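Next, two complexes with subunit A in common: one pairs it with subunit B, the other with subunit C.
Up next is the complex of A and B:
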């Protein structure tokens, strides 16, 4: 009985895994197809006459590296600003009692209840007034603002699990409050910092709608915008499109693999006190 | 080294919760002073005020001759050992101990030699490269002590440092901490709720209740001449026996209907008092008219505690410390007497000690 249950469970897991991986394999397969076999219905993963031409086209004939540069600027800036603001704001919410603390925490939470698309118009108006439309800075500000509620709450929750005694010990030992934060609390909050960094990076890397609204110059396009441009109105070079998609995924995959050990513990952060 | 003085210190938390009221306290230079009292008595608050982790609402704090009332903790030249050790989990034992010196940017060789020296004093040299999570409770406590020692501070503060240790380790560490104090001679303020620690470690102890100092003095003086009923009941284990509404006259007193002769009772004004008797000043005496009904006998090895009730209309609880071979069983009615010279009298209303 137990054995049967285990077999069924594994069959289910294998099924889900195939369903998850298959589309990615197809994308890889398509990216390798020579341009004369785009609409081939062959199911073989490595097509006849496999070629890396599409990757070459993407990297040389298209402004892919420019989009990559833009995306990196945006995502890294969002990560740096986002984590810098969230780590300090979360600390304040966790450690100090000040007027507006509760209201502030709840207000942050409330912003998470609105779908992002609803905020699009006000966001655009705001950016327009600030003169940040069609600039990477505008995108950075918008993304940072959208990730902050989540990252502030996550970090606040994690700080709550770090005993205050440690900071007091550090202050008696000779640090200021900020010194105790930098030398004791931040190193201990590393798992939470990692997960919020990753989250911030991802939100900038793969976002499309806000970028579409704020950016108009082709030279400022981020990867999602650039990719979308590859899909033509009348004809789409699917091999190029697939190759581009894979290249977009690559840094994220590498990031996930390198931060793997923080992910499991990090994803459950904030909710449960240690 | 320095003396520590709290002058008219007032501490009121939010919602008008007054924790300390008009408190004056002097810790002498090089002294080992123990603050003891039940939880919520304000002892930890006093310690945290000395450390600078709490502000005072009113009053002054002096370390040496310097007014440090509004000086941040880092500039007070104190070291503190916390109840849960508060070792930095991301640093090794060595780095934990070196932390304060590194913050103060002391030269590397000096840090190295000071940490090694403290480690050898506490015999924790083999542990220096380990992280706190790999250490046992006692080892962590030693590292925490080491972290305080290397700083070479003017004052040591201990906040219930032994309460997370098991009984055997606790008595070892008690001896170790007093030994350290003897060797280093640093002014020390030690907070505990454990009156055994207070009695065995302190040169003077301060008994606190409800934010007010009840008595300050050497342990034995506090034990033998408690200033009031609270101190008498708090210090000593098992606690002192109290007999309410004991009438004292010229010749002696009336205890539950039994007249007891009281040498020197003439110095006490006639009236009704609360009588206090330490369990060890009671002993079994079949001839005595004082009788108690035994309801529990607790042998502890070297001695036994006999619990019972006075055979009289108001049936006071009586606890007696007896030899371990005591001839008393549950349900027995036994006679007992006490040493009238060791009887304590307290005012029935204020609870203050009546000297005689």
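Up next is the complex of A and C:
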């Protein structure tokens, strides 16, 4: 009986997992299609005459590597700034009591409720005034601000779970509070730092709407803008688009899987002790 | 004054950079948008917008469009979040049942979360294609059903976007629920088992109530993200097609702003969306009691 139940549970899970990864298998399948079989009504995952041509086209005929370079610059900068700013701000919210603390925390949460349409046009006007339109720096500043509320809350929540005694012990030994933060708290907060880095990187890597408003030069296009162009033009590009998508997904998927073990522990969402 | 500053110098210094960036990129646009919502700025008045007071707001509430789109937005949010949470918790509980290869299943099940939304949306769009999409091919070939007009019928287009978004969102809830499950003491289950509680009862009496404190913030965040999710609806239904029938509030405004260039109107509509969402979240947090003990403790 117990054995039967276990087998059924495993089967159920296998079924759900296959359904979950099916769309990803479809992308792989389309990317392998030869260009004369784009309108295919076959359900087999490895198409007849499977070829890697689309990957070749993407990497040589399209400015894919340029888009990737731009995306890397943006995403890495957002990660560095997003996590650096959030790690200190989160610490202030977690360890200090000061006027405006509660208001600040709630204001961060409220910014999450602003619809994108509310900020897009004003953001464009502002970036024009600052001369940041059509520059990667403009994009970096915009993305950093959008990831901060989430990263600050996540880090604050994680710091809350670290006992204060550890910092106090270090401070008795003559370190300042900032010294204790850097040498004691930050290393302990590694899971949360990993997770917030991952999110910052991903939001820079996948964001599309703000990029379309801020960037106009093709030479500055990030991956989402470039790929969208491929999906938008001719149906013949479908295989190229899929190959490009896979190349875009690969780094984030690898990052995700390598940080998998931090996911559960790093996300404490605002002070719920896990 | 100087003592006040020196007393709080450290926390304020730590917060300063974050405050500056958020002030510049989020708060300034917020107030600019408020001003914009009281002007007639559009493509015709791009350089000479005139102050029109609350006229845009009046226009929004006069249009019957608002109520039907609001209704769809609520259905969209409730259905999505319900399935995200239900699937997330179910899978988390399943994974905790001593499954062999738990790590592999977990890694595969979080993959949708790792995929960029726009790629997911365009991929599912292809899968929903009437003639060539694999979903219709499966329905007709394997189950002998009629092909579903996924993208050309108002109801099915909305369903297609919803299915896509459910797929995208359940891994987040699953990961949160997995974290929550680890914090439930094993003794509770042992005691319940001794008292003769079945698996079903243990789930409803122990697991769910114990998960609540960790799920409530995740659900509010999930509801906010879903309510304002522009990407999925926009890309799956190609801008609200067929005939603008599958809009939620945020895609409706996006169209008003960037397809019809009604900037003042769109700005006012954005403020209305924000206020609706804000009211809803405050109501939800109050109801679940999270506002008293959870936020900004």
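Quick notes
Basically, the second predicted complex is superposed on the first by the 246 of 274 C-alpha atoms of A that agree within 3 Å, B and C clash if a C-alpha of one lies under 4 Å from a C-alpha of the other, contacts with A are read in each partner's own complex, and residues count from 1 in each chain.
To be clear about the criterion, a residue touches a chain if its C-beta (ideal position, glycine included) is under 8 Å from a C-beta of that chain, and two chains touch if they have at least 3 such contacts.
Everything numeric here is computed off the predicted structure, so don't read it as measured data.
Subunit B and subunit C, once both complexes are superposed via subunit A, fit side by side.
When both complexes are overlaid on chain A, the residue A:91 reaches subunit C alone and has no touch with subunit B.
In the superposed model, A:171 lies in contact with subunit B only, and not with subunit C. Residue contacts after overlaying the shared chain place A:80 against neither subunit B nor subunit C. By the touch criterion defined above, A:66 lies against neither subunit B nor subunit C after alignment on the C-alpha atoms of chain A. Of the two partner chains placed around the shared chain by superposition, subunit C is the only one that A:13 touches, whereas subunit B remains out of contact.
More subunit A residues lie in contact with C than with the other chain of the pair subunit B and subunit C. After overlaying the two complexes on the shared chain, residue contacts for A:259 are found with neither subunit B nor subunit C. Of the two partner chains placed around the shared chain by superposition, subunit B is the only one that A:187 touches, whereas subunit C remains out of contact. The angle formed at subunit A by the C-alpha centres of subunit B and subunit C is 90 degrees to the nearest 10. Superposing the two structures on chain A brings subunit B to within 11 Å of subunit C, judged by their nearest Cα atoms.
When the two complexes are laid over each other on chain A, subunit A has no residue in contact with both subunit B and subunit C. Against subunit B, in their complex, subunit A makes its touches with residues 163, 165-166, 168-176, 179, 183-184, 187-188.
Contacts from subunit C toward subunit A in the complex involve residues 8, 10-12, 14-15, 17-19, 21-22, 24-30, 32-33, 36, 91, 94-95, 97-100, 103, 105-120, 122-124, 126-127, 131-132, 134, 137-138, 141, 167, 175-176, 178-180, 182-183, 213-214, 217-218, 221, 224-225, 228, 230-231, 249-250, 253-254, 257-258, 263, 266-267, 269-271, 273-274, 277-278, 281, 294-297.
Looking at the complex, you find that subunit B touches subunit A at residues 51-53, 72-74, 76, 78-80, 82-84, 86-90, 99-100, 103-104, 147, 151, 157. Subunit A contributes residues 6, 9-10, 12-13, 16-17, 20-21, 23-24, 26-27, 30, 39-41, 43, 81, 85-86, 88-89, 91-93, 96, 98-99, 101-102, 104-106, 108-123, 125-126, 141-142, 144-146, 148-149, 152, 160, 177-178, 202, 205-206, 208-209, 224, 227-228, 231, 238, 241-242, 245, 248-249, 252-253, 255-257, 260, 263-265, 267-274 to its touches with subunit C in the complex.
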